[in-house]
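Paired with subunit B in one complex and with subunit C in the other, subunit A is shared by the two complexes that follow.
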Partner chain A sequence: MAGRPRQLGPPGEPRRIGYLYVLPAFLVYAVFALYPLLRAVHLSLFDWDGLTVGTWAGLSNYQEVLTDERLRASFGHALVLMVFFALIPLVVGLLLAAILHRASVRGLGFFRTVVFLPQVVAMVVIAVAWRRIYAPDGTINSVLTSIGLESWTRGWLGEYAFALPAVGLIGTWFESGLVTVLLLAGMGRIPPDLYEAARLDGAGAVREFFAVTLPSVRGEIAVALTLTVIAALKTFDLIYMTTSGGPGHTTTVPSYEVYRQAFELGQVGLACTIGVCLTVIIFAISFVITRVGDRVAD
Partner chain B sequence: MRVSPSERTLNYVILTAFAVFAIWPILSIVVAGLQPDAEAPGGVGNLTQAWEIGRFGSYLRTSVLVSAFVVTVSTVLSVLAGFAFGTMRFRGADALFYLMLIGIMMPAEAIVVPLFFDLRAIGLTDTFWAIALPQVAQSVAFGTFWLRAAFRSSPRSLVEAARLDGASTGRILWQVLVPLARPAIVTLVVLTFMWTWNEFLIPLVMIPTNEALRTAPLGLGFFSGQYTQGYALLAAGATIVALPVVIVYLFLQRHFIAGMLEGAVKD
Partner chain C sequence: MIHIRRSLVGLGLGAALALSACAPGGSSSTTDESSAPAPGAVKTDAAALGDVTLTVWDQEVRGGQEKQMSTLNAEFQKKYPNITIKRVSRSFDDLVKTLRLALTGADAPDVVQANNTRSQMGEFVKANQLVNLDPYAVAYGWDKRYPQSVRNVASYSPDGKTFGSGSLFGMPQVGEVVGIFYNDAKLKTLGINPPKTWAEFDAALATAKSKGEVPLVLGNLEKWPAGHVFGVVQGRFTKADDIRKLGFGQSGGNWVTPENTKAAQALVDWVDKGYFNSGFNGQDYDPAWQGFTKGQGLFLIAGSWLQADLSAAMKTDVKFMLPPAPEAGGTAVTTGGSGLPFAITQKAKNKDAAAAYINFITSPEAMKVLADNGNLPVVETAAQKAPDALATDVFTAFGTVSEDNGLVPYLDWATPTMGDTLGATLQDLLAKKVTPQQALEALQKDYGDFTGQ
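Take a look at the complex of A and B:
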């Protein structure tokens, strides 16, 4: 939207009245978002149970995040979820979008509507649906039984080895449509003569993909990764509704630990510390992805 | 591009398979919500049964009130702030804007804990305001960013002409710029509605005891924990919770898709 020559300087004329227009929005934002964020940083330096007087703790809460086995594991799980929420959908999306982009097919609009639908459904509803699919007497197990693989059936969300990938797969399902739609839009903007030139050079479908399609959608890939990686880091509802971090602590994630430490264990300072770390990580990741995306695009 | 008939057929197979994969869990819950079981009569009767047993009428009422408040207030505030940031120059404008930009990525997880204890100290937890105002703050951050870009790209000559005609600043905003920015505002309204309707963590934390103030997703969360007799009523409740946003999506899907994809891109 930027890039017009007259917008090189700041827009518009100098007007004091600007403060008045900004004030109401800024006030609500400052009181209910910015101030709580500063408070979180402040509280992260205390040991506080939320009831009695807190005691100064310095950086010991941060130390605990780094050393406590369960908390460290939660960040590791977030990393695993990034594979399921971001990496797999990116590969799936690239593959699907590239195939669909090669030929004009009918019904693409309908397809877009359908595959984007998961994005607008409340995560609680999605969790209710997938809990049914994974249940001991659920969809997956009855399919396995009906094709004679009864020995493979299990409570998918209840077993140590399977719970985290099972939750991750919900994320793959949730994000793949979004990524595909995003990449399809990006590929739609590639000038056709780029392909004609590649074909004159005798490029096949695969070389065409790596030489023309992939470089042209770098910007979209950066956007897709930003959206999905952040979504992977903010999976509170899904964990709360499917596994509550269990079995053991095999599926707990930082955003769930914030809730658990503050409201189930009364470790308010530690909960704020996890929240602050989560914020820093989210900012760092989106900064890096947009920077790398920009540089590659130049 | 020209491709062989077999590749075209393959495309349709892939399209269909992926569409089925995407919609199947959602359809399965709608279908399950219409099945009869011990507690459920089956068909549409399940929805009314869930409405009563699961108290979804009350949850939906709260969700409608919260969404209406958050959407209205945050849209108006975002129009005002986006107008100033997009068309005026004043000292510190950039700093203020970047400060608000932080709010777009700030996770609710980070602020919900201090917010709860501060609001509890002044007796505001378990109230409408505790659910609504933090969400206004988050929506206003995105809305200001979104509408600043929209107002910035509106033709400056139009504003200058209106000013030469003696129109006041407020008139220029509401009668010249807002009508021009209508598509962007509609996108903002549907996105804010969806985010507010689907929000789970903020109502969960802010409404520890007051059952009458549970929103629809929160009510579903509690219902799924307490009601374990059968799946039909739970699925019917889930359908009720999802339906309002899905209906709006089916009518305004371009706005949803464009907003969610472009909203992530810096201008």
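Take a look at the complex of A and C:
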């Protein structure tokens, strides 16, 4: 009796059995991530108030997202927030991490904890705290008054020119710690002999940073950028708690619009459309970042 | 590889079919009971209804609200042992967000507190999820006890399109009125008499400013507070009936009128003269009135909902008044309405029991319980004894303005989007980003787009 030939090769061969291993995780993922996503795409094609039977709307919701001035502006605001949430923290983080890494500071663990602390606090709490800081009689204005700059005081979150940057700065404060800690970890893995070699070649601190440190942490930079960009694009709690999109409509962001359309205006279809668009944008940007990061890291 | 591609195509086709075939919301079949029960069919003897369990969703969670509700529920169950109340109470924000889903669910509550607005009650009426209360109003005499102006704020046409008239869909317990709180102690120190006319009010503001006080307190970070200030100023220039059309979003109104322009201009003048606290657009609502209790500012234009907190903090130093009448001897016009009305869901198993419950918590005896616990009863207000001096002011003011037919609806009730439009536009106006003309045009666009449909 000729038995079937025993299969050789790595576990998971043939492919079918390999997929079997993935199945449990995939099921969980499908139920809690893929299905809701598909359902959102489905709903985005309807005019639906969440109560009565929806009517097929085709792509008209998408058209509205593209043409409605206010919805378009909200995406623009998210891009501005990206600068505050991702780019500035990256610069700050690189600087801080380089300093902490180079000058073997005493109590490094303490500093690391302090800069990371904002990440541990709930965003809502942060928003409430900053609201008080920015208030007309808040900390910033008190400080300004005490150093004789009374003419500079204002209700920061209520000023058209300052509201969005003011909200953005909260993001900078929030994300800088995360970026710093990530980069510190990356820098810790750089072999010391690289620095030694650079120093033998007569490189100064600045040269050393650009020639050795920066190229070595590109992978970490990609991770940090991905995380912070996503955080910037999906900000909701911060806006909801600080400005409710005001003054006027100067600080609305897509996530806030999703909430507003779905829960306040009963436009569930349009809300899903905004959500889908946001997902696509986040996916595209993260894709580019990881691609670029990977390629350079190779 | 080929068979994979084919199955992918199949999947794509199937998905496309499924996408267009199953419209969302289609599975929950609405019961076809749109016609209200005939007046004769209404049973008002709650004791004879057999064993019933009523699930009630309310948002009476704070201090005196919570007390009146639990008192009335206990009394109701004592009177009708056959009816069990299953009370689910949650905060206003939670209720607003969950009600939409709850009503469409299989296990829907029987009695719910639904916000008067189009985005809540209006939508529910349109979706045929609330019971038309007209037959009950006749059977229980609600139409006699509740004045038309109060019933209007919980009335819709059966298709949910017209707000402020049509059939009754909810019964409110408490009233709300926007007026002017003032720091009486400070007024006396400045030698100003409580203003009786708009001219005196203007003079009081000017005097306060010249003596280095902040005349008007406003915290407008949340966007909506300025709407109440504007409502009061609008009442000075625009006729009540015109405001009602705009507020209820009924066709035939117009925002861009000389009267409304005067109102918007008056608001801008207050800004120009520096009457508001500085940075009001970036100031929180709560810290603003809390500052008022600590002696910052002279006048605070706000609603009766602040009465308990202000009274607790300022005792007899604070008083409340209606805005002055447009002309001497006339009636004051101001924003106001009701608290969240109680409504019966179409899915309620025993609608007669639900109506009996609503009747009980809005009865004359209930109004007394409401007043005893510091709430502002929506009817028979003047007959109640208020718990303190400030509450007496508020009770009197509400009684006067509702009987004089001077109550006008909240302006953001007009359209589903008006809350946001009004808030943002007034922020723009107060920050002088737009002229009064442009501001009114923005409001007119929102209103016109909606009523033109």
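To be clear about the criterion, the second predicted complex is superposed on the first by the 265 of 298 C-alpha atoms of A that agree within 3 Å, B and C clash if a C-alpha of one lies under 4 Å from a C-alpha of the other, contacts with A are read in each partner's own complex, and residues count from 1 in each chain.
Operating definition for what follows: a contact is a pair of C-beta atoms (placed from the backbone, for glycine too) under 8 Å apart; a residue touches a chain by one contact, two chains touch by 3 or more.
What you see is a predicted model, and the numbers here were worked out from it, not measured in a lab.
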item	value
Partner chain(s) touched by A:H249 [first = subunit B, second = subunit C, both, neither]	second
Which superposed partner A:A185 touches (first subunit B, second subunit C, both, neither)	first
Which of subunit B and subunit C A:G266 touches, first, second, both or neither	second
Contacts of A:G50 with subunit B and subunit C, given as first, second, both or neither	both
First (subunit B), second (subunit C), both or neither touched by A:L157	second
Subunit A: partner with more touched residues, subunit B or subunit C	B
Touching partner for A:L37 - first (subunit B), second (subunit C), both, neither	first
First (subunit B), second (subunit C), both or neither touched by A:D201	neither
First (subunit B), second (subunit C), both or neither touched by A:I126	first
Doubly contacted subunit A residues - partners subunit C and subunit B	42-43, 50, 131, 263, 268
In the complex, subunit C residues that touch subunit A	19-20, 23-26, 30, 96-97, 100-101, 103-104, 119, 123-124, 126-127, 129, 220-223, 277-284, 287, 291, 416-417, 419-420, 423-424, 427-428, 431, 433
Subunit A partner contacts - residues on subunit B that touch it in the complex	1, 3, 7-8, 10-12, 14-15, 18-19, 21-23, 25-26, 28-29, 32, 73, 77-78, 80-81, 83-90, 93-94, 96, 99-100, 102-103, 105-118, 133-134, 136-138, 140-141, 143-144, 149, 152-153, 156, 169, 194, 197-198, 200-201, 204-205, 216-217, 220-221, 224, 231, 234-235, 238-239, 241-242, 245-246, 249-250, 253, 256-257, 260-261, 264-267
Subunit A residues touching subunit C - in the complex, by the definition given at the top	42-43, 45-46, 48-56, 131, 134-137, 141, 153-160, 163, 243-249, 260, 263-266, 268
Of all residues in subunit A, those that touch subunit B in their complex	1-2, 6-7, 10-22, 24-26, 28-29, 31-34, 36-37, 39-40, 42-43, 50, 96, 99-100, 102-105, 107-108, 110-126, 128-133, 139, 173, 176-178, 180-182, 185, 192, 195, 219, 223, 226-227, 230, 233-234, 236-237, 240-241, 254-255, 258-259, 262-263, 268, 271-272, 274-276, 278-279, 282-283, 286, 290
